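Take a look at the structures below.
Note that chain A is present in both complexes that follow, paired respectively with chain B and with chain C.
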Partner chain A sequence: MNPRRIALIAALLLGLTACGDESWHGKSIEGLMPELEFELTAESGETVTESVFAGRPVALYFGFTHCPDICPTTLARLVAAARRLPEPLREELQLAFVSVDPQRDGPRQLSDYTDAFSDRMVGLTGSQRQLKAFTRRYRTTYGYEEERSDGSYNVSHSSAIFVFDASGEPRLMLLDSLGVAEIAADLERLLSREARNADNA
Partner chain B sequence: MKIVSGVLLVIVLLAGAVWWVADMTPAEPLEIDNPRIRLVPGGAPMAGYFTIANHTDSPIRLVSAASEAFGHVMIHRTIVSGGDARMEHQDSGVLVAAGETVAFAPKGLHLMLMGARRELQVGEDVEVVLGFEGIEPAEHSVTFTVVPVTSS
Partner chain C sequence: MSDCSYSSRAVSDFLAFFVPWEFSWLVQISIWGALLLYFNGLRRMSAGEMPGYGPIIGFVLGVLLMYLVTQTRFDYWSQYMFFIHRGQHLVLHHLAPFLIALAMPAPVLARGIPDPVRAWFARQGWLRAIWVPVYRWLQQPMIACILFVGLIAFWLTPEIHFDAMLNLTLYWVMNWSMALDGLLFWWLMFDRGRGGITPRLGYGTRVLLLFAVMVPQIIIGASITFADANWFEVYAVCGRAWPLDPMTDQHIGGLITWIPAAMMSVVGALVILRFWIYDDAAQYAARTAPARA
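Up next, the complex of A and B:
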């Protein structure tokens, strides 16, 4: 098979995959996972539930602050994408960072960290029981690697951003391979559809 | 008159040849480009990024990194598989083959700079000593620039 034909077939296959997923850049998780529900500790130190988002759509990422590479990279992309949203969608979207490393990420640490990205990003964490329940609910995991001699350790975590609509329904998983433009396009599409539905209701 | 133009021609040709030869010779056997540290607040580790170009005809290996501004610096790689992310310590360092360039970039190879000894500011310079095998001198002091956490 010549290279041009292989390229053509690859392009067709990619096109089909995109169509099958309603041409989202991310992965649609509509109807595949339960609605948003949790009990965690906010960066303010208060115990909060999903009602902390006050019926607004949420883009949520699981990570930890001692994660110098992928966490800031992903959060920075999310913040840049959110900034590209037209008003009033930009004001609507809530950003959330859930630390799966409560031992190191107390309220102060979390709030310093999330403030560096956006004043609209809220930091959350919880007990192992709370975090396990929450991550399991969205079929993701986290784990701790062996401690080094200086007491530091690595944490494995989900690499995707989970997007929930205003009613707390899970809608999209934005994989780490997506760039700012793709994340922005998906968020705008989801949020403007939401806004239309709200107008019609 | 003829002699003068002949001499001029020779000078021009010589200058051209010198310029051409200078252009062909790589400036440094080892070239580190765009060294930067992404500032993270709150005492959490930061990532250092750069590219290493090996202009020699033998492989070199980055085996260590240290900085007076940080308690400890490690060479790490982020691995994403099946939707999960984790970091992998590069026990045997990072090989840069002859004539090749290796990028330390977001979501891949990075320096993990831990335990900042002072509060850093965006725009500040931080010296990091990179240690190599396969090249002399083994230690290269590189000036990294502190960049915002939201930069790539």
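Up next, the complex of A and C:
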């Protein structure tokens, strides 16, 4: 645990940040969660790690392609918000969709699904063990409903978009109550700050 | 063949239930340490000093319940389903401490401490000098009530609840605070030992306090049950243990915060009334005995 994280947790315990960082529309998760790390299967069927994002900021969402409502609407809002970003920032941001339903979401299915939203979106999935490890790391979970007679079933999953910065540090959680404009504002603020830091460095 | 694999699956599911979701040395040491001290105490007691079967079963059950809701699969469900989380707190704050305090385990636990350790503690006057005033301050009727209801309200404040569910350290602080406060409160309610440091409240005061904490719990529980907005978004954010309508989850959670929690006050009051009647009868007998002689 790095000293900054300890200090942040201490501040949390004192209730200083109990109400969150009001200046974001989403919720700041800086210091609350560990940095990006995973081993999953890409759309190509290959096993990949967080290095697949090549040091770019990532907006990541957990779902499943048979999801009737929340996943498509959330991903559509994310894509619409990303399109509103000014040119250099738009190129920077990587979008990722992690399916927690590997039984139905093979590489082909995932690739068709993510391509329908944006060519900047990568689809990932994995074995139950890999997915459990990854979701648990971000204190989220998922579960399956009993299969219906037609073979369909519902899946519970996280409803938030997790945003990681270029160094893989968790920064923001965009809740599903946010609109396109709010998501765009948060992403622009975070990414332009990142870009400034990169220039200064 | 399929029967065999089915039953072995059931066995492995059963065993998987007992694998702690978030293993905690502190909880493990506290739980097994308390049981060890208790049984060592019982072993060293003479037949006349031993508590009856009721208190022994009550104490062990209370401690094991605390273990069950924090160091098994139950803890996983509590983290990812609001109504199960409310059940976890019902056990940690109401049911388990109720059983433990009712068993009055202090004399047994004290006897269970190895003599050298007890002698060492007896020499540490400063420890007692700090602990006794703090404990007695916490056990003032008003403070005890405010803490009991205040902690329920504090951790159920949506913003605070959100962070507690997202950060593991805060999550443990929340659960420990509920368990420790539950022990403090029910200990104060059921204390009837002699020479302890717990303030001896009159039985009438205790019944009054139980009703004083019941009313705000009903208000909190009913507000959650009848809320038409989803107050606890964190369960949607983190994903639920299985697909369940968020409002259904919140309604059941509200009902658990409301009805069984309030019932514990009623049951507690009935227990105290029993003490009261028993003590009155004993006093009456003591008064009339010399007159008859």
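Definition applied: the second predicted complex is superposed on the first by the 180 of 201 C-alpha atoms of A that agree within 3 Å, B and C clash if a C-alpha of one lies under 4 Å from a C-alpha of the other, contacts with A are read in each partner's own complex, and residues count from 1 in each chain.
One rule holds for everything that comes next: contacts are C-beta pairs under 8 Å (C-beta built on N, C-alpha and C of every residue); 3 or more make two chains touch, one makes a residue touch a chain.
Bear in mind the structure is a predicted one, so any value in this text is a computation, not a measurement.
Touch criterion met: A:A76 reaches chain B, while chain C stays clear of it. By the touch criterion stated above, A:L32 is placed in contact with chain C alone, chain B being left untouched.
With both structures placed on the common chain, the touch criterion links A:F117 to chain B but leaves chain C unconnected. Applying the stated contact rule after C-alpha superposition, one finds that A:R90 touches neither chain B nor chain C. In the superposed model, A:R56 lies in contact with neither chain B nor chain C. Within the superposed three-chain model, A:R137 lies out of touch with both chain B and chain C [touch as defined at top]. When the two structures are aligned on the shared chain, A:R189 is found in touch with neither chain B nor chain C.
Common to the chain B-facing and chain C-facing surfaces of chain A are residues 140-141, 145, 154-160, 173, 175-176. On the side of chain A, the complex with chain C involves touching residues 9, 12-13, 15, 18-20, 27, 29, 32-33, 62, 100, 135, 139-145, 154-160, 173, 175-177. Within the complex formed with chain B, the chain A residues making contact are 65-70, 72-73, 76, 79-80, 108-109, 112-113, 115-117, 140-141, 145, 150, 152, 154-160, 173, 175-176. Residues of chain C touching chain A in their complex: 76, 79-80, 159-160, 162-163, 165-170, 173, 233, 236-244.
If you check the complex, the residues on chain B that touch chain A are 38-47, 71-72, 76, 78, 80, 83-87, 106-108, 110, 112-114, 149-152.
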